[in-house]
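Alright, structures below, take your time with them.
You will see chain A twice below: alongside chain B first, and alongside chain C after that.
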Partner chain A sequence: MMAAPTPLITVDAATKTYKLRSRSLRRVNMTALDRISLVINRGETVGLVGESGSGKSTLGRAILHLTDLDSGKIVYNGNEIQSLSESEFRPYRRKLQMVFQNPLTSFNPMMTMESALLDSMRLVSELDLNTKRRRVLQLLDQVELSSRFATLYPYEMSGGQLQRAAIARALAPDPDFIFLDEPTAALDMSIRGQIINLLLRLQRETSVSFIFVSHDLRLIRYIADRVLVMYQGQLVESGDKAQIFDHPQHAYTQKLLSATFVGQAERAQARSRTET
Partner chain B sequence: MSAIPQLQDDFVVIRRPSLYRRLVEANGAWRVNLNLAILIFIIVLGVIAPLLPLQNPVKPLPLERLNPPSAEHWFGTDTNGMDVFSRTIHAIRIDFTLAISSVVIGVVIGAPLGAISGYYGGRIDDVLTRITEVLQGFPQILFAMAVLAAAGNSLINLILIIAFYNIPVYSKMVRSVVAPLREVEFVQAAKVAGNRPIAVVFRHIIPNALVPVFSQLPLSCAYAVQLIAGLSFIGLGVSIPTPEWGAMIQNGASQIVFGKWWVSVFPGLGLFFSVWVLNNVSDILKSLVVRRA
Partner chain C sequence: MVLLDIRNLSIDFHVGKDIVHALRDVNMQIKAGSRTAIVGESGSGKSVTSLAVLRLLPTTAHVESGAIDYDGRDLLTLNESELHTVRGRKIAMIFQHAMASLNPLYPVGQQIADIYRHHFGGSKQDAWARAVEVLGETGIPNPEARARDYPYQFSGGMAQRVLIAMALVCKPALLIADEPTSGLDVTIQTQVLDLIERVVAELDATLMLITHDIAVVYATCDRVIVMYAGKVMESGTLDQVFGRSANPYTIELLKCFEETGVDQMPFIPGRVPDMRDTWPGCSFAVRCLFAKEVCHQQEPPVIELEPDHLSACHFARELQTQGVQVAPAADGGEHGEEMSS
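Entry: the complex of A and B
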């Protein structure tokens, strides 16, 4: 389909350790990222799975310059970004977006959806305010939220509605990359399908890249080109979707797969029996 | 960016309950109306006092000292023969002006300090928190007495002393709202959107601290009024002939045993009512804080 894939983001041996104090005042180190290396190509969806606390969100925050790394390198579009100061990094901000894990706390309680989405386009200098306003309505419409929602505050909306608004917000500045941190967890099945298809369509149109975090392996299998598996801060497996789902190498991946697809073979058998 | 279709403006206007409705729902109409009415009445009375047909509040009438309430002097006269009714009303001006200006200075300095402390955390936070604790540990009346004795007994000094005590109140309050927000997703989202740190603090964080700050304002004013009156009562702060409740109470304090109660009791009631109503209004406003997910 695509010619030689061009790397958009390269993460090289990224390491992040949180220093915590336990109750007995001993210092405890928590290695959230342990020498993570990965490449994300233009127009690609990378599925990211791993148990709770394995460092998935931390990886997203590191790529988006929201967390300092202890060591390692992050390259975006040929530019080393992890060493930049906040103001040096600002020009890249609009191209790297995130849908945060918790939709309920993702929006400023004092801002309507319209102000929140306009705020996310503050670095978009080529559009004037009126065009941005129309774009807000268009984006809301794309995530199945009527124009009414533009005037609502976050506490007037449900978790699923906020999650869709968060996706609209991430799309607003026309990014190259979106870290989607469980973006469909609060959505019901029909909306989930629409949102997934929206993301895939936009990807075809604009060749935006995604890291898609999910605990739903079926969804990952549907949407991802490649899959990464994290376990206790390490990248224990990475490769083609087919390779990971059919020939998992790491014990954790095998456990994960068997937990998800357990009984599938038996159910298929039973179905064929009743049908005959 | 792909072509943007023309969308007609079919905004549905959302009607939210007004601020007043929310206050009434949480506190009951009676409580809200009565307290707001009294507070507005007191403030308006103070503002228009010079326009009212009152007697001159600072003109001593040597022949009419310590006259009891009468048709001529509704609240009687004090030890200098000044009209207590006129003075009690004019005192609103000085007490509220001093209180409000000292509280405003306290908020303007304290709130940004608290925001910085809470947002940046670390060393800055440690230093500011320690200073705050030391300041608050100091006995206030003693401190005020010492400063007024050393720097002179002027109204400006009085305002500054009270402002000084309000700074930590507001820096602590704003810090307690801001610190937990630092890691919250919407603040991270504000960074992702490209807000500079200063914009993150002022556009996204401080507005979330405004409701608790506003509900604290009347309480701080009540406290300031009490402190001004207290200092004036012990001879610091405002002194005769300026009409001020604390100084007026002091003026009549020695007369109460002789049955000349009106000199102290009327300004005392003015002080009591003001503090009481400010406390109530603060309580009423606090009901706005709760509605946060």
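Entry: the complex of A and C
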């Protein structure tokens, strides 16, 4: 870790309410973000946990300027970005990237990996096409895919390979920040570690910042420096990793911990003790 | 006593010009009264096995060989009307996506009552009352009113409870649950697993739980069958398979779940084989740290290490006596060296 962390993204009292209609067609408000404030430092990984509907993805969408806020501020690199129009935001777009849960549905099935990665560099004006082509091969190499993958279509690749390509695509425009929305949830347990180790290495090499969303606290333990816990649109717990794992405060965090492999193994032991 | 005996089951899928060999001579026994987990990664054949038991395989599937004995009969030889007396009544199944398993056009109570009447007859009122009763038993609040609700009015966890109610209304002897908690929130997962465990105990039924998540196995089961690439790698009690693993795949898979506290997260190098291919040796040999020449050339025998504890590995005994300390082959590719301790 660096000595004095420099803030990359600051979210200040971000609030977002979705207006929905209930079963009886009454208008109801759902507060997805309730005065959320947080800071993401350069080169840092923040683990984000919370049950479905707690506002995790809305937070990611808000930072990436894909959702308007009702109130609050998002500051990236000293610039307030949440109030910008789409064209004003365009210069920042390439600096803020996202990797989704299901790699198969996040690629255009008609595009090869090369065209997908080139497409991601469309807003990178300082490089010419030949340079970008070379960069595609470098990026694939960075995520441990050989150059033959450049000509492959999504259906020709496994889930793990595709998720590597999705990470390469997010890295292509040289971003400062990547929102990783459960990037390993659709992958088999035996290869999740490959993706986690890859992300750890890439971060050392590029000092990109991550928000890593996951239900799996074990992954969070490997990858995150700090952990945030969201519950019903609010930030209910935040702190460094050790603090959250050793002294979980919120009931939801405690439940999450007890549902892990180690938690269940302890439970199984306790049960066999009572049965005998 | 063995409730379900699957013997030499091989199933191919004909997909276009390709033939996918999904199950390759699978043998497994589900003991009556056990809570048996079938663990494996995608493509290991765990779901195909469970679908084969209820004869719910798609038309592209071809049973090449084998038998599935249940209650003295081979389920693979039953005709359609005989199957109707088994499905739901003797063997019930819970699927992964609860919402997709319910008919969106009918109230859930009616869907449960229909199944009850199909198997037991009786009046509509009786069947409805029984449906409300089982909904209540699965912990759905206010079951009289909820029985009249449609599937879209239920959350994922509640819909899974409806499915469990539907499975238990006929008091089956065997309950098959295929990834019943994936897609649910972690905290809801525990509730659903607890419910399944309670229901199975109350019915005095047998549970066959398909999962890729070892934490789920620990939470719910007392026996484990580990599958990889269409084959059974290891089976036995929870203690035997997870506590005294005698198969490299199980050992490596368990490592992926452990808290190691080091910087690098453990994983199994390589990827699962293309299931269109066939090969002479062990399916896991190409990813196995302990693989020797023989592993690539000969299919491993199934070794019985102790009663009930089976492992399909040439070196099962060595692995168990020497633990995981067996020296891995240098660079993973060298063959022919002796197993050293």
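FYI, the second predicted complex is superposed on the first by the 233 of 276 C-alpha atoms of A that agree within 3 Å, B and C clash if a C-alpha of one lies under 4 Å from a C-alpha of the other, contacts with A are read in each partner's own complex, and residues count from 1 in each chain.
Here is the rule we go by: a contact is a pair of C-beta atoms (placed from the backbone, for glycine too) under 8 Å apart; a residue touches a chain by one contact, two chains touch by 3 or more.
A quick note: this is a predicted structure, and the numbers were derived from the prediction, not measured.
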| request: Applying the touch criterion given at the start, work out whether A:194 contacts chain B, chain C, both or neither, answering first, second, both or neither. | output: second
| query | Which partner does A:87 reach: the first (chain B), the second (chain C), both, or neither? | reply | first
| request: State whether A:258 touches chain B only (first), chain C only (second), both chains, or neither. | output: second
| task | State whether A:120 touches chain B only (first), chain C only (second), both chains, or neither. | result | first
| chain B versus chain C as contact partner of A:249, first or second or both or neither | neither
| note | Across chain A, the partner (chain B or chain C) reaching more residues is B
| request: Report for A:52: first if it touches chain B alone, second if chain C alone, otherwise both or neither. | output: second
| message | Tell me the contact category for A:221 with respect to chain B and chain C: first, second, both or neither. | response | second
| said: By the touch definition above, which chain A residues appear in both interfaces, chain B in one complex and chain C in the other? | reply: none
| query | For the complex, which residues does chain A have touching chain B? | reply | 61, 64, 66, 86-87, 90, 93-94, 96-98, 100-102, 104-111, 119-123, 126-127, 131, 134-135, 137-138, 141, 147-148, 150-152, 154-155, 169, 173-174, 205-206
| field | chain C to chain A touching residues, read off their complex | value | 41-42, 153, 185-190, 212-216, 218-219, 238, 252-253, 256-259, 263-269, 271-272
| message | Can you tell me which positions in chain B touch chain A when the two form their complex? | response | 1-2, 4-7, 10-14, 184-186, 188-197, 203-204, 207-208, 291-293
| task | Note which residues of chain A are touching chain C in the complex, please. | result | 23, 51-52, 158-161, 188-194, 196-197, 200, 215, 218-219, 221-222, 252, 255-256, 258-265, 267-268
